[in-house]
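Next come two complexes, and both contain subunit A; in the first it sits with subunit B, in the second with subunit C.
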Partner chain A sequence: MMTLRPTHALWLAALVGLALLPQIIAVKYYLHLSILALIWVIAAQGQNLIQGYTGYVSIVQAGFIGIGAYSTALMGIHYGLPVWLTILLAPLVTALFAVATGYPSLRVKGHYFAIVTLAFNLVIFIVLMNFTELTEGEAGITGIPRPGGSDGWLDWRDRETYYYFVLILAALMTGLAALIVRSRIGRILVAIRQNEDLVGAIGISAWKYKLFAFVTSAMYAGLAGAVYAHYQSFINPEIFGVAQSLDAILAVIIGGSGTIAGPVIGAFFVVFLPEYLRFADSFRLIIYGLVLVLATIFMPRGIVGVATGLAARIARRGK
Partner chain B sequence: MIEILQQIINGMAIGGVYVLIALGLTTVFGILGIAHFAHGSVSMFGGYLTFFLVSAQGLPLAAAIVIALATGFVLGLLIELLAYRPVRNASHINAFIVALGLTMMVEGLNLEFFGHEQVVIPTDFDRVFNLGGVTIPELRLYVILAAALLIAAMTLFVEKTKTGQAIRAVAENRDAAILMGVNVNTIPLVVFAISTMLGVCAGIMVGALFAIAPGIGEGLVIKGFAVLILGGLGSIPGAVIGGLVLGITEALAAGFLSSAYKDVIAFVVMITVLLVRPQGLMGKA
Partner chain C sequence: MKLLTMTTALALAGGAALAAEKTLDIGVSDALTGGAAVYGLPQANAVQMAAEEINAAGGITVGDDTYMLNVIAYDDKANPTEASNAVRKLLDRDGVRFILGFCCSGATGAVASFIANEDAVMLVGNAAERSITTREIPNLVRTRPPADYTGAAAGTFVAEKGHKRVAVLGALDVGFYASYVDAFEKELNAAGGEIITREAFGLRDRDMTPQLTKIREQDPDAILVVGYVEPAAFIYRQAVELGIDVPRYGFTSGSEEQFLRVATSEQMEGVWDLRPTELTLLSASENGIAYHANYTEKFGIAPSPSSPYAYDQTYALKDAIEAAGTVEDTAAVAAALRELPVPDEVVMQYLPVDGKMFDVNGQAYTSNGAFQWQSGNWVFVQDLPSDAAAYSAFLSTID
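After this line comes the complex of A and B, so read on.
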């Protein structure tokens, strides 16, 4: 435990920094982006479980975010359930879909798995677009309420309140991810990534663990979607497409695949970078793409990989 | 019965486009293990360029196609050299991320050069043939014939020529191919040049048959991968059969079930095939 001290200090510093953020930033819009980034942290932590630790690149995370968002909104509208309950139920609904899709798709590996999950994301998108009786199609669902009003001791209309709510959730889910990957289950997931046949050979049924990772990652996405829906109060299928699933993959890769800090950094990266490139207008897409290509070529282990490499070098110098 | 035949003919035209896209993807995948996600956007670039040359520059269609193919050839070389070669020895996920970045760049370039407007490549193939009650528009017939010709040419190239033999050797066993004196630096270049030219052909067909617009390329490359899964990754006969199956399934689904859900039905077919035959229809177990 003693050797882990510097990382613990870093985590604490990051948490304190994020907790103070609303007091520092003057522009409301950045607070909005920070909320989105924290929601992405939750989704990216989930993506990291299946992609980074288990080694299965799933391209359906945004589809699952969508299922979470629509299920919390629809349960509220059709059954009049309280917001807190639907936020808790949304990940469970998403988990049901994940079991149904994960069971067939986890029978195949590598690129096959990636493409099958991508097909599922397309199917989810098409259904959200066309099943208008339930989802209102492209027009989307409006008027999704916040978890509370402005009359209690917390003003839920205030963005800052929601920021802290999402920050706590993101911290908890990051902690949960850390617990999972340090447990026996987590070690088996990493073993599957390194050599799946060997895992089978020593008598562990890998598919149970893969399904666990896939369903857990979907529950993370479901929670992120639910929190998103109640924040924006409006959802339509547009942001639950394949492009956003690719963003989840990028968040994991850019941050540092198979590390707990990676998705946190990566999530802020995928939310803020496109915003900073806004000045470039139509060149934005080109620059964003170029950054990705260059980052992959020159820092394949992500930002966390670069940072730990630097830290190790400094530590060696010091001796 | 006539109705079914009609839909099958319709499906063959779009299926032919899928086959061409899938052929490019499957050779790249077979040789280099790269899921070349930017292929659809690159293909659309070819379609856009042809449209631009015909409509804005007033070139005849044939000349425009030749220029687009030559551009595709060069583009393919550049993609391999600048984007994929640096990550050749890294894990495959890295090449996939590069492919995603490349997709954004090409989509961005398409927007920058050609704008947001939906474009249709003008052709004067407006006649409609009638074969025992089944109507075949002239353009659709030419697309099917051109696709068949390209498939035959590609098969001959891979099976009969020295370079084709080298490509198959690298796909079979890279290390052994190196030992046998195959130049593994030029093979990827050849593969990308050919696959990009096939993609350009598909892009032109899409532009003439339907329309080109932002986002179409991504949809197309996803269909291309679905074809690969159906047929078996890295298999040329698999790409041909998979493409036709997907195209015809889609046309039948659109004609008899629901056009909004035709893609859903196509993907359900793909997933079902995968469950029964995880290696694809023509893949080796």
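After this line comes the complex of A and C, so read on.
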């Protein structure tokens, strides 16, 4: 008989809590932030695959989010494709770019890989900014439609509807990430993180698995970008720069690198904390930076790591 | 009877006190930190100052009620997502219905994309991207004219100066600077001139000697610099250092104080700024002189030339609310803005279209002016040709 383990109970409680959130919160502003946080959950789960499980710190996640966002918007505008189809195609378009960038990037390791991916993010940003005939440059693309027509049975202008849509997507993508890391592929990814040379020595072609992690990570980002574009109805290159890629890295580190729950917690952290610090005016970013530095120093395993450690300590005392 | 009289008097006094205590929150979303704060922070200050002036003069009268303004300002860092968050917070949490500020186009574009669905009125200031007022958003107005409106006038002016070969050095990846140059080029070409090169720089670049060296080799008649104040100041300085001795024209809207942080007055001597007739002390109206003095006294620093766009928003909003006779019905206030004559208190020199401050697109127009740096100051030299009615008709044709 299947038993409900504590972690499963926690996941269930979190899901129920998130499902009830729109009914609990009275101020819709927090619903808006929650939608952004859930979009970040998708992007951060992707980042976690390459960074947390494979051990390669990629600094191009926001660039891939941008490719997803622009591809869904442009396919809708230029080819008249329905929103649902463009949202599904956006991760595939992003995957094509990821294969093209991942193949050369993954020939280098460690800091060099980080620098190469950072360069790719800069290139993506510059192209989005300067290829104005296609991307409208800094002015951005506006009027990106929400899913569902005006005569649909769901009101997609209602943030609550969009919240549940993004919640379902985030839950599915989190579940998919869990399946990947528990599969043989996931175990090889962790092995690459632990000792890539040893993986090669036992006859496993590590680069294929690294490329898989990188491309899958990009597809997550592409999906997040597509969902973001149709939520905000407006995109411009500003939000797909290196600073946002660093936010994706931070979401993984703060939440708990190499854990499934970590990116979920970290995504809410990087969206909500700067907003809560608005009271501090010009000191906001200083406080935000300080919190991140302290968290990284004193919680290297992230919030999940600290919580797991506490739970283990309590369990030992209980015995 | 005496008791009744006293009770009535107390009730009346209480009622009067209640009326006097009514507060109307207005929001500001602007770049209060970061590179764009040179435009955003003065705008936020200008709204605060205008609100205090309005309160001191008795507030906004709506029927029997009088409203005192309370300004809630959030930093959007000129970032689209931050601006969306800031405005969502103002609308959803703070209950604000009137949002001012908006110095920068990207952040403004993001908010403009959803504001039509909100029970609110958005007043845009310094953000110059044309498309903001071509989307037919009924609850949005803008005090600053689009960049190409000014660029065309600048092109005519430079052509009339007899320059045929103009080199451009600008932040050309920023949409409204590029549209300024496009409109400039069109008028220059019409007069038989040409842009011989377009060199770009990033907003954070400080060393522009490679681009200037290339420009020097091409022997232009004049150079045109478009971009934020600080990089533009570096360009003017480095042009002198490289011995480029041709007229320098620009589109920056920086104050004397902002330029002198980077370049000396000698290095700036003779530079032209071709821009909307914004605040410059030597060209200002009585309102402008008073604004400059009050702002300087209150904040301990001179106002940036573009900051009155936000100051004027506040007075336009006051008049529109009073004309609409409501603070609740935002659609009525938005409609009143479209019908508004230019308020007496504004600082900028607006060119009304059909007698109204904002045209059917919600766009206001100022005159354009040629300003020249002379002995440490921007001196107003002459008006640039500005046909607000014709541009307004053109703007209405754009999808």
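We take it that the second predicted complex is superposed on the first by the 312 of 319 C-alpha atoms of A that agree within 3 Å, B and C clash if a C-alpha of one lies under 4 Å from a C-alpha of the other, contacts with A are read in each partner's own complex, and residues count from 1 in each chain.
Just so we're on the same page, a residue touches a chain if its C-beta (ideal position, glycine included) is under 8 Å from a C-beta of that chain, and two chains touch if they have at least 3 such contacts.
What you see is a predicted model, and the numbers here were worked out from it, not measured in a lab.
Student: Considering only touches as defined above, state whether A:Val270 meets subunit B (first), subunit C (second), both or neither.
Tutor: Neither partner.
Student: When the two structures are laid over each other on chain A, which of subunit B and subunit C touches more residues of subunit A?
Tutor: For subunit A, the partner with the higher number of touched residues is B.
Student: After lining up the shared chain so the two structures overlap, which partner does A:Arg107 touch, if you call subunit B first and subunit C second: first, second, both or neither?
Tutor: So A:Arg107 only meets subunit B here.
Student: By the touch definition at the top of the document, which applies to A:Asn130: first (subunit B), second (subunit C), both, or neither?
Tutor: In the superposition, A:Asn130 touches subunit B and subunit C alike.
Student: Check the residue A:Gly143 against both partner chains and state whether it touches subunit B (first), subunit C (second), both, or neither.
Tutor: In the superposition, A:Gly143 contacts subunit C only.
Student: Applying the document's definition of touch, where does A:Ile115 land relative to subunit B and subunit C: first, second, both, or neither?
Tutor: first
Student: According to the stated criteria, A:Pro300 is in contact with first (subunit B), second (subunit C), both, or neither; which is it?
Tutor: first
Student: Per the contact definition in the header, classify A:Leu290: touching subunit B only (first), subunit C only (second), both, or neither.
Tutor: In the superposition, A:Leu290 touches subunit B alone.
Student: Output check: A:Leu246 vs subunit B and subunit C. Expected answer is one of first, second, both, neither. What do you get?
Tutor: A:Leu246 contacts subunit B only, not subunit C.
Student: For A:Val57, is the partner it touches subunit B (first), subunit C (second), both, or none of the two (neither)?
Tutor: In the superposed model, A:Val57 contacts subunit B only, not subunit C.
Student: Is there a shared patch on subunit A that both subunit B and subunit C touch, and which residues make it up?
Tutor: Looking at subunit A, the two contact sets intersect at 126, 129-130, 282, 284-285.
Student: Considering only the defined contacts, which subunit B positions touch subunit A in the complex?
Tutor: 29, 35, 83, 86-87, 90-94, 96-98, 100-109, 111-112, 218, 222, 225-226, 228-229, 233, 260-261, 263-264, 267-268, 270-271, 274-275, 278
Student: Quick one: in the complex, what on subunit C touches subunit A?
Tutor: 32-33, 74-75, 78-81, 84-86, 88-89, 91-93, 105-106, 109-110, 112-114, 117, 129, 131, 135, 173-176, 178
Student: Considering the complex alone, what residue numbers of subunit A touch subunit C?
Tutor: Touch residues, subunit A against subunit C: 27-30, 32-33, 36, 126, 129-130, 132, 136-140, 142-144, 157, 232-236, 238-239, 275, 278, 281-282, 284-285.
Student: Which of the residues in subunit A come into contact with subunit B in the complex?
Tutor: 57, 104-105, 107-108, 110-112, 114-116, 118-120, 122-123, 126-127, 129-130, 242-243, 246, 249-250, 253, 257, 282-293, 296-297, 300
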